[in-house]
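Heads up, there are several structures right after this.
One chain, chain A, appears in both complexes that follow, with chain B as partner in the first and chain C in the second.
Moving on, here comes the complex of A and B:
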């Protein structure tokens, strides 16, 4: 399997190259000019042009692209046009909050959505099933920012249980870290929980029709064992797949969630960079996200071997 | 590789992330009583106040870098870093002496050579600095505390230029920093102001931290805007960047931040109801809304078309779109200068007063030769102020019978496109919306938008020789009466030629927790004199 993983990692290189070319071209033709934003509203056209020249933005496309690729090959993502900080530093500053948010959301989703889906399949057609699926539809329908504001209003402003905003690293303590992430994770996780619960239900319904389940029942196995040992394990492949695909959803949702809860993560960095046309930062983040997505897909493939011993690479 | 190996790998990777293996900023740690947590108007994306002239950069820089003079609330320049000055009778040679004991944050003394390098860099970017540079003979350090500025001709507004609070301000930096090309960014943020910038804690887009500078020696005078004793009462000022106003409002109510620079009008009623929060006008100089018409292309290359739009324009419509129904937040502005300031005038502003006359406006528009060609109107939708004004303008132009090409986009795109001098159908434009800080509109010196030098003027490239003549008159004025007379004539000339269309004057609130005291009104958030109780 090690050689399979290595092959897959090597295969990401052309993908990343295509992404890089695509992103660079897109930014080049997109309207907007970072020099204008830097110069400020009162700047003269001459000032703007001087800044463009000093940033090298007046150079031809191929020269700019070549210079960028050369730096990337040397492990240098470049320097932010605005902050004058290395892009890698800026991404490093933001990685912790986003990763924390995604991990908590992921755990919350698995802990809530999988049991809900299993129970819904077990009680298919009953009031419980309908209630869970109703909740799923609700979760799908509510925008992240609406859920976020509602949660902040109830649990932060009215009940004063949790903070409204911010992020505290785990180095400052587990609870301070977690308390800042609970509301954002619920807000971000709503759609994800709904998705995973529905897929779990569908997969479980199919598995529960299988002969071996009937056999297990005939042997007198308890309901818990049937559902979670024989049922869930055999339904795991589509569930794992959708959890992995959902990480892309999380990346997209994190942009909004981080803005609503003022979490200094990659999502906010992306938006700020786009609005200011901070090209090196945008390019660095897109490359990172592409790499993460490829990596997640690889991890999903590896995870298949954990849940289904028949799968071998 | 077996199942156990994979599981172990996953567990260790997760552990590393959770236990702080990855560096992360500390944003919401328990706030000490001597830490003031402040939500600024915008993100501090860069920190070179000469290279980047955004207001938010200027506001942060005012804590870190000091100026030779400081404008007070009566718009008079007062000594700040300077101990004394002398000027020759012909007004061409100025000799300045620095206060003793001034230190930079790295412990080095502030010397004349630092001042010379700083003023040289500033003068390359500032409109007033450029004017001084044009008449400069030499700027030299005489000794460690004395420097001399020799001019070819008098420049009566010199001290105002050195103390003005409009970006870029004449901030004093160490010589090695100030020698940076003015069109390139500095990377060392060492000043001699009352607070130090904690570069290591800076997370652009999220947080900026300023620490009290123990060696700062404030002046003994009472503080007044950029002048007087800048006595800092807290140990730290933390800027917490919050892009979402609703989150900022909730954080202020919840006591997670102490001061929010400019709450949006929609949320102010909620804040006013909270017994722990004070709300008041922050900057008494407010803002002037505007849209600019392109003088290079029809229809607005004809003054009749520009005046037709002005005749029909209702400033009340614009102001209500921006600030809502709170009448204390806006007023009509039949002129170009900030209300309630010494040079305010309404001379020539009759066209913006009284009932709007659409029939007369349509007639004038027809006389200009307008025949239904598209009018490209750029509107940044990500800025609530420009979006509100853009919607009102589109309605106004349609009522005038104009064919509106409404380009809804973001500020970054407007910023780039407005610099295009090509025809509107080829990437150019006919009008765009913006606003000006009232502090920039108190006189013509920092007021780029009022200049009408054609090709060299601000976007829209207005040409108005009579306006420029009166700008020169103001610069040459020797006393306030002469200044007022010049500004009256200037206002009329600019209004006659419609250098741009003022859409009204509006104010912003600021809000802070009641355990914070000493918040003063001013053109920038003033952190000196502000204290916080537990």
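Moving on, here comes the complex of A and C:
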């Protein structure tokens, strides 16, 4: 098992290398001379030349790529063109809010979506099932920012139960941290909850037809044990998969959610960097996101072995 | 004395094309410690009967009516909670498919333990110890190691042994075995049957054996009930039934069993088959259920359903011409 994890981590290296190559090429894929792009509209030809030399853009592509990778391996993601701060510092400052938002959303999704899906499958065809699946369609079809603004209007502006926007670090206390994240997490989680609930229902429907469920009933086991012990564990593989894939969804959604709720996280940083064409920052963020995604995939595969003893690597 | 008394059991399923009368007015009883075999071809309602006894028929679309008196209580009147206390405890069940009847993601030990923890309130350690004991009892080698294994690590025969261990863990009064050996090799079949009989004697449980294998019936049953199209058509002690089957359907079933070595002895004949098909259970059946396939059927059979009548010592059959049939056989 341990050797499998090690092998998988080694296997992620080529993936990361290809991602790095793409990320690096970003500068060249973007239309125009990178130096001109970076220098902006009002730069003089001298400025452009200065930038070209300072970034080493006059050197051959592969040499540039090599030295860029070398620096990244030493923890140097470059310097922001706009703020002149190291990219790693900028990302570090913004990591907390985004990570908090993602974790709260993930937990909310698991706690809400999985039981909903299980109940829908158990009561398949009933009013409860139709209500849950109706909600799922609703969750799918509403964009994050619409849900976000609606929630903020109802619960923050009208009812004044929760703050409208902003972020408080956990160092300031658990509740102040959490209360700022509830509405964003619901907004961001809507699609995710709908997706996970649907997959849970489908997986459970299949499992509940199996002979071993009949055996569990014949043992005199209660409904809860049948659904959550005998059922859910067998349905876990597709559910774990979709929860993992959903994290990619979250990364995209976090950008919008952070804008709506004015959370100073990576999403906001991404938008700002794109608008300012701050390529080193964009590269750093994309690289980080792909690394997280590769890691999540590894975690999905490892989780399979925990829920299904027949899966061994 | 009767441990189980089933009276006018009717299990019907609502389907889009009408009500399927899978079991239609079946009555029988099982004495304490007795082995009753229920035989019949696929779709005759024998499995539905057994599932009805445990109230495992999904309702809806199913509906069970009649009375199922077990140790003095009508199971159909019990609440779900009371019924759960009986399942796996006083009545337990072994299923046909050992490959799929065990939960693939839980250890064998856990699946035996559960029954004990639900019904006897044992803690995990005590249940584990008992589970190991049960595995030893059903003849699984290295039970201490096996108890931690998962079903996919065991062969089909081993899994059926585990199923038996699960079923017998709480010393049930009644064991329902629904084609317990159908999915197994012939050699394993004999072992499993022997094991079931041995344990039955040890525990003192009564057995209802659902099967279409008449060889198995001859070997272990004391009494046989023959079902056809959701009804009981004949019932007799096993020796009596094999010696003088009265119902033409039973005669057909017995005629369809190949005789081992008959071709060597030169006595081989073409296996008798029962022509025709089981009637559609969604349509009301007028007259005898078997009339459509019966060589002896007359207008009487097609108009009036025969009742179950005494045809011999403890021998009943539902046929207008049963006596004549016995001669014909």
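By our rule, the second predicted complex is superposed on the first by the 276 of 313 C-alpha atoms of A that agree within 3 Å, B and C clash if a C-alpha of one lies under 4 Å from a C-alpha of the other, contacts with A are read in each partner's own complex, and residues count from 1 in each chain.
Just so it is clear, a residue touches a chain if its C-beta (ideal position, glycine included) is under 8 Å from a C-beta of that chain, and two chains touch if they have at least 3 such contacts.
Bear in mind the structure is a predicted one, so any value in this text is a computation, not a measurement.
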Would you check which partner chain A:48 touches, where first means chain B only, second means chain C only, and both and neither mean what they say?
-> first
Determine, under the contact definition given at the top, whether A:171 touches first (chain B), second (chain C), both, or neither.
-> first
Name the contact category of A:95: first (chain B only), second (chain C only), both, or neither.
-> first
Chain B versus chain C as contact partner of A:85, first or second or both or neither | first
Identify the partner contact of A:310: answer first if only chain B is touched, second if only chain C is, both if each is, neither if none is.
-> second
Could you say whether A:130 touches chain B, chain C, both of them, or neither, answering first, second, both or neither?
-> neither
Looking at the overlay, what does A:7 touch: chain B (first), chain C (second), both, or neither?
-> neither
Between chain B and chain C, which makes contact with more of the residues in chain A?
-> B
Mind sorting out which residues of chain A both chain B and chain C touch, each in its own complex?
-> none
Could you pull out which chain A residues touch chain B in their complex?
-> 1-2, 5, 31-34, 36-45, 47-48, 50-51, 53-54, 80, 82-85, 90, 92-97, 99-100, 103, 149, 152-153, 156-157, 160, 163-172, 176, 180, 259-262, 264, 268-269, 271-272, 275-278, 302-303, 305-306
Can you list the residues on chain C that touch chain A in the complex?
-> 54, 56, 84-89, 92-93, 95, 97, 100-107, 114-115, 118-119, 150, 152, 163, 166
Per the touch rule, the chain A residues reaching chain C in their complex are 210-212, 214-222, 225, 229-230, 233-234, 236, 307-310
Chain B residues within the chain A interface of the complex | 1, 3, 6-7, 14, 17-20, 22-29, 43, 45-46, 48, 51-54, 125, 167, 181, 183-185, 187, 203-207, 240-244, 246-248, 250-251, 253-254, 256, 382, 409-413, 415-417, 419, 434, 436, 440, 446, 448-449, 456, 458-459
